[in-house]
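After this come two complexes, each holding chain A, first together with chain B and then together with chain C.
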Partner chain A sequence: MAVVKRTFDVVVVGAGGAGMRAALALSEAGLKVAVLSKVFPTRSHTVAAQGGIAASLGNVSEDNWHWHMYDTVKGSDYLGDQDAIEFMCRAAPEVVYELEHFGMPFDRTDSGKIYQRPFGGHMQDYGKNPVQRACAAADRTGHALLHTLYQRNVQANTNFFVEWMALDLIRDQDGDVLGVVAMEIETSEVMILQARATLFATGGAGRIFQASTNAYINTGDGLGMAARAGIPLEDMEFFQFHPTGVHGAGVLITEGVRGEGGYLINKDGERFMSRYAPNAKDLASRDVVSRAMATEIKEGRGCGKDADHVLLKLDHLGEDVISHRLPGIREIAIKFAHVDPAKDPIPVVPTAHYMMGGIPTNYHGQVVAPYDGGPEEIVQGFYAVGECACVSVHGANRLGCNSLLDLIVFGREAARQIIEDLKSNPHPKQLPSDAADRSLSRLARLEGQKNGESVSEVGAAMRRVMQAHCGVFRFPDLLAEGVRKIYEVAERAKCTEIKDKSKVFNTARVEALELDNLIEVAQATMTAAAARQESRGGHARDDFPDRDDDNWLKHSLYFSEGRHLDYKPVRLKPLTVETFPLKTRVY
Partner chain B sequence: MKFRIYRYNPETDTQPSMQSFDLNLEAGDAMLLDALVMLKAQDDSLGFRRSCREGVCGSDAMNINGRNGLACITPLSSLKQPIELRPLPGLPVIRDLIVDMTQFFKQYHSIKPYLINNDPPPETERLQSPKERAEIDGLYECILCACCTTSCPSFWWNPDKFVGPSGLLQAYRFIADSRDQATAERLDNLEDPYRLFRCHTIMNCVDVCPKELNPTQAIGRIKGLMSKRTV
Partner chain C sequence: MKEMERLSWRCRRGLLELDIVLGRFVERDYAGLDEMQKAAFNALLDMPDTVLWDMIAGRQDASEGEQQALLEKIRAV
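Take a look at the complex of A and B:
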């Protein structure tokens, strides 16, 4: 079957914060860019980020990028690559000022500067006292950021392919990436988008879990495509459970609530974080707070008739702080928890939130994979940024507000790198004759499938397994059983059947294709979690409660083919400063 | 729980129809979107957009019992049965509850929805006092769901000429921003019998906005600025 082909300098897949920051720079550089998005750009999940974007502006309290870097290294439980972390923390003030110049509506201090609030793990003087580092637009920072970037892209005439879904990566015999095969959702038309540079900014995959703060669209599409094309996925065992998802609904309540002075209580009304993190208390790292909450609940101090959640108290902040700094939270609490937080505490529970792992890249956004003896060889033509990438700046646990920062710093940097790389690479390579075959056979399989299970059934089975076997605390027997079960679900996912065969805006087909991606991520996460015999950051093993730097100070690499694991060293050497040496992590 | 849902697939249907659905579900705390996802599990051909499921992305705007709203933040318990769902009015239907939003975004783009400031940017942030910043509260929060614009009779009649409440709210968002220098240009852009002045303060927009914003007020302020500069 002949597939229509279009050729671009750069194809960007994903139009969230990272994709749009990159697209802006690429469009402004005069390159021919196509930006594909499953949804209209401002519907991307960056829109749901609440609390802020981290940068050591020092607008409210003294701060500098060294302290930010230390906090990030410590927050990562020393698994983060220190070259990338230095790069990000140093660039932070500049990229945030840029956003302000683009028109982003930050809140302001009395002197007219960008308002900054305290956040979990943000400290002064190498971990001593909380610092106000989170640059905020009320509790809608992601919305403000995403809309600003979209607006700027409108001005730059960026070429968006709205409601297009990328299906598969095109690689040739040398392993070089030459573009993607994609489908226009409205018409089901399949097209080859050839490009000299392909940038993935496809976001996370929180939808592998039953209870998740993530949007329905967060289905790990970039990771699925990369995995199917033989690219490994890095550090997939590290999944962040956000301490404060609304009990039941899973909707996110920002850490900014605790930054503004809110705190968690158990059924006895005790501010229990004082026992787990005597210094930082409720502003300890997310992994620490989530484990503390899970422990409180496990030991019978949970709230409610089923003792299955704790409470987030903020009524003492007063009407003024709540209506000015946390208006969106109040809206969410009223709608989803049926409480007005100015009067009553919000029932919360740790909820799957963020994938620290992803497609392995260096700090220029270039995808790297083991090849010919080298652990980190550049995959020509392929770049990844944002949550779908693993730079790795977040290591085993991400600090709040470092995700928006990650998007902007590496979105901008990958664009710079692409512009440079394209200068020495002026002509597109010859497409392999089978470029579209994988996608076409996936679509044909779906078209012809008989007696298969529904996508919603298999998806539900996957989410149940992940939730029960790969949660905040991980147990050896549950993990072993989880691996077996998720591989079984993966077999079932190969025979999903859709009843709707229409070519017009077929969302059933989209969901089936998304499940192919989710199941790649779920298998990677479970497999890597079962293998890592230590506790570090977001990965907490009941049978190995301590961090084990002698054996496990290394990144994992999961290969879809054969579901095998490999490992590579952590980059402990920063770019210009001394290495932050390994220390026990206390807050 | 009973539903009547607008169905239309241009491949197979010559005209749209309303289909009845029955769902075994207690309203409880569930939102309308939860019910739609369950209905789709029964009949995967049911088409609707959705993403964040918390009222910030603007994907799942639809006409719910005659009124535009977001399915994800509309509690089932607040709805009279049978719950009647239709696509947003005034835009072409692609399929079922999915409308073609091209015209809506075209109007949004027409107001130059980006900050215009021709001074070279300073090394740090441009300063803006909390009071100046407060001027854009109630404006920048728009999620582009189109609930307001597609509830506006003036937009139904002149979708190609009248900017509509959402676009005008955004126009005022930039006029009101102390950092923006293009107020005159923005007013020129709206000085037209249709683009701005087709607003007859019917106020459906205010009534339906899921973010409780007030486009009519913003439009009134633009009109005020317009008349001030003509005298």
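Take a look at the complex of A and C:
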């Protein structure tokens, strides 16, 4: 079957903050840029980011990038690469001022400077006192960022392919990346997008978990494509969780509820936090609360018919406190948990929020893999930025407001690197004759599958296994069993069947293709988590409660083929300053 | 023709809250809407996620009557 081909200088997959920041710089440099997005660009998941963008502008309190760097290294539980972290923190003020220049509506101080607010983990003077470092646009920073970048891209003549899904990476026999095969969702038409540079900015994969704050589009498409093309996935065991998402929905219940006197109970009605944190109780830190919840569930004291959640009780606060001090909570509980919190407790569960791992890159956004000699060889023609990439600036744990910063710093830097690389690479390489074969055979398999498995059932099985076996607190017996179970689910995912074979907006087909990506990520996360015998940042194990720098100060690399793991050292040497020495991470 | 399929895809949003609420509404109630209401729903889908969520959560009202009536329906889902 002949597949239509179009050729661009650069193809960007994903139109969130990272993809659009890169695309803008590329288009403004005069390159012919295609940006693919499953949904309209301003509906990317970046819109959900409320907190702000961390940058040491020092507009409200004294600040400098060294302090920001210290906080980020410490926050990462020392797994972050210090060269990339220095690069990001130094570039932060400049990229924020650029956004201001683009028309981003930041909040202002009385004197007209960008206002900055405090945010957890951001400190002055190497961890001493809280600092005001977050630049925000009301509670809609992500929304403002997307709109600003989209408008600028339209002016710069970026070619948007809206409602297109990339299916597979095209790599030739040298391992070079030459573009992607993609499908238009409206028509199911398949096309080859050939490019001299391919940039993935496809976001996270929180949808591998049953409880996730991520939008439905966050299916790890870039990671799935990379894994199928032989690129490893780095540090996939590290996910950030929020303690109180609505069970079965994932929508967050703010921590303010516990601040106002709400507390957690198990199936016996016991206020169990008294046992885990006798003083702070329900106001203990996020990780302590999350682990306590996971322990209660594991030990059979969870609620509901599957005993898979606990309850957040606030009816004792009274209707007045609930409506006045906790606006919106009642509506969220009614809408998403179907309970009125003034009368009944809200079912909650630790909920996946952010993926620290991803496609391994250096701090120029170039994808690096140990495929040709050294551990960090550049994969020619391939770049990744944002949540789908592992630079690694977040290491084992991301600091709030550093994710939007990550998008714009490395979006811009990857574009600069691409522009430079394309100067010495003026012509597209010849496509291999089998360029579209992998995608076409996946589609043909789906089309012809008989007596197969339902996509939603296999997806649900995957999410259940991930939640029960590889959640916020990890137990050796559950992990071992989880590895076996997720590999079984992966076998089932190979024979998914869709009943509806129509071509127009066939959501069933899209969801089957998304599941192929999710299952790659789920296997990577489970495999890497079972192997890492320590607790660090977002990876907490019951049997290895401490960080183990002697054995585990290293990045994991998961290869889809053979499901094998490799490791590479953390880059502890910054660009210009001294290494921040290892310390226990306490706040 | 393929109206429902197109709409279900457009209910894929950047915010999980909208994914859930809009998805539910389309599945349960969309088929029962009249043409005016369907047009109003399509106009709502063109709004930015944060604005749309504020409207559904009741923090903001729609500018015109048809949309407002529809919002009440969505809020009740």
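Basically, the second predicted complex is superposed on the first by the 480 of 587 C-alpha atoms of A that agree within 3 Å, B and C clash if a C-alpha of one lies under 4 Å from a C-alpha of the other, contacts with A are read in each partner's own complex, and residues count from 1 in each chain.
Criterion: a contact is a pair of C-beta atoms (placed from the backbone, for glycine too) under 8 Å apart; a residue touches a chain by one contact, two chains touch by 3 or more.
Predicted, not measured: the structure shown is a model, and the values here were computed from it.
A.B. asks: Go through the superposed model and pick first if A:573 touches only chain B, second if only chain C, both, or neither.
C.D. replies: So A:573 meets neither chain B nor chain C here.
A.B. asks: Just to be sure I read the superposition right, which of the two partners does A:97 touch: chain B = first, chain C = second, or both, or neither?
C.D. replies: A:97: touches chain B, not chain C.
A.B. asks: Determine, under the contact definition given at the top, whether A:298 touches first (chain B), second (chain C), both, or neither.
C.D. replies: A:298 contacts neither chain B nor chain C.
A.B. asks: According to the contact criterion defined above, which of chain B and chain C contacts more residues of chain A?
C.D. replies: B
A.B. asks: Identify the partner contact of A:564: answer first if only chain B is touched, second if only chain C is, both if each is, neither if none is.
C.D. replies: Once the two structures are laid over each other on A, A:564 reaches no partner at all.
A.B. asks: Of the partners chain B and chain C, which touch A:152 in the superposed model: first, second, both, neither?
C.D. replies: Once the two structures are laid over each other on A, A:152 reaches chain B alone.
A.B. asks: Where does A:499 make contact in the superposed view: on chain B (first), on chain C (second), on both, or on neither?
C.D. replies: Only chain B; A:499 stays clear of chain C.
A.B. asks: Once the structures are superposed on A, label A:275 by its partner contacts, choosing first (chain B), second (chain C), both or neither.
C.D. replies: neither
A.B. asks: Hey, what residues of chain A end up touching chain B and chain C alike?
C.D. replies: 39, 42-45, 47-48, 140, 143, 147, 186, 215-217, 249, 251, 328, 331-332, 335-336, 502, 504-507
A.B. asks: Write out the stretch or stretches of chain B touching chain A in their complex.
C.D. replies: 9-12, 29, 40-41, 43-45, 47-59, 73, 75, 94-95, 98, 101, 105, 109, 112-115, 117, 121, 123-130, 132-133, 136, 140-141, 143-144, 174, 177, 179-180
A.B. asks: Which positions of chain A touch chain B when the two form their complex?
C.D. replies: 39-40, 42-45, 47-48, 57, 93, 97, 100-103, 105-114, 137, 140, 143-144, 147, 151-152, 154-155, 186, 215-217, 248-249, 251-252, 328, 331-332, 335-336, 338, 454-457, 498-500, 502-508, 511
A.B. asks: Could you list, by residue number, the parts of chain C that touch chain A in their complex?
C.D. replies: Residues in contact with chain A: 2, 5-6, 8-9, 12-21, 48-50, 57-59, 77.
A.B. asks: For a test of understanding, state which residues of chain A touch chain C in their complex under the given definition.
C.D. replies: Contact set of chain A toward chain C: 38-39, 42-48, 140, 142-143, 146-147, 163, 185-186, 212-217, 249-251, 328, 331-332, 335-336, 502, 504-507, 510.
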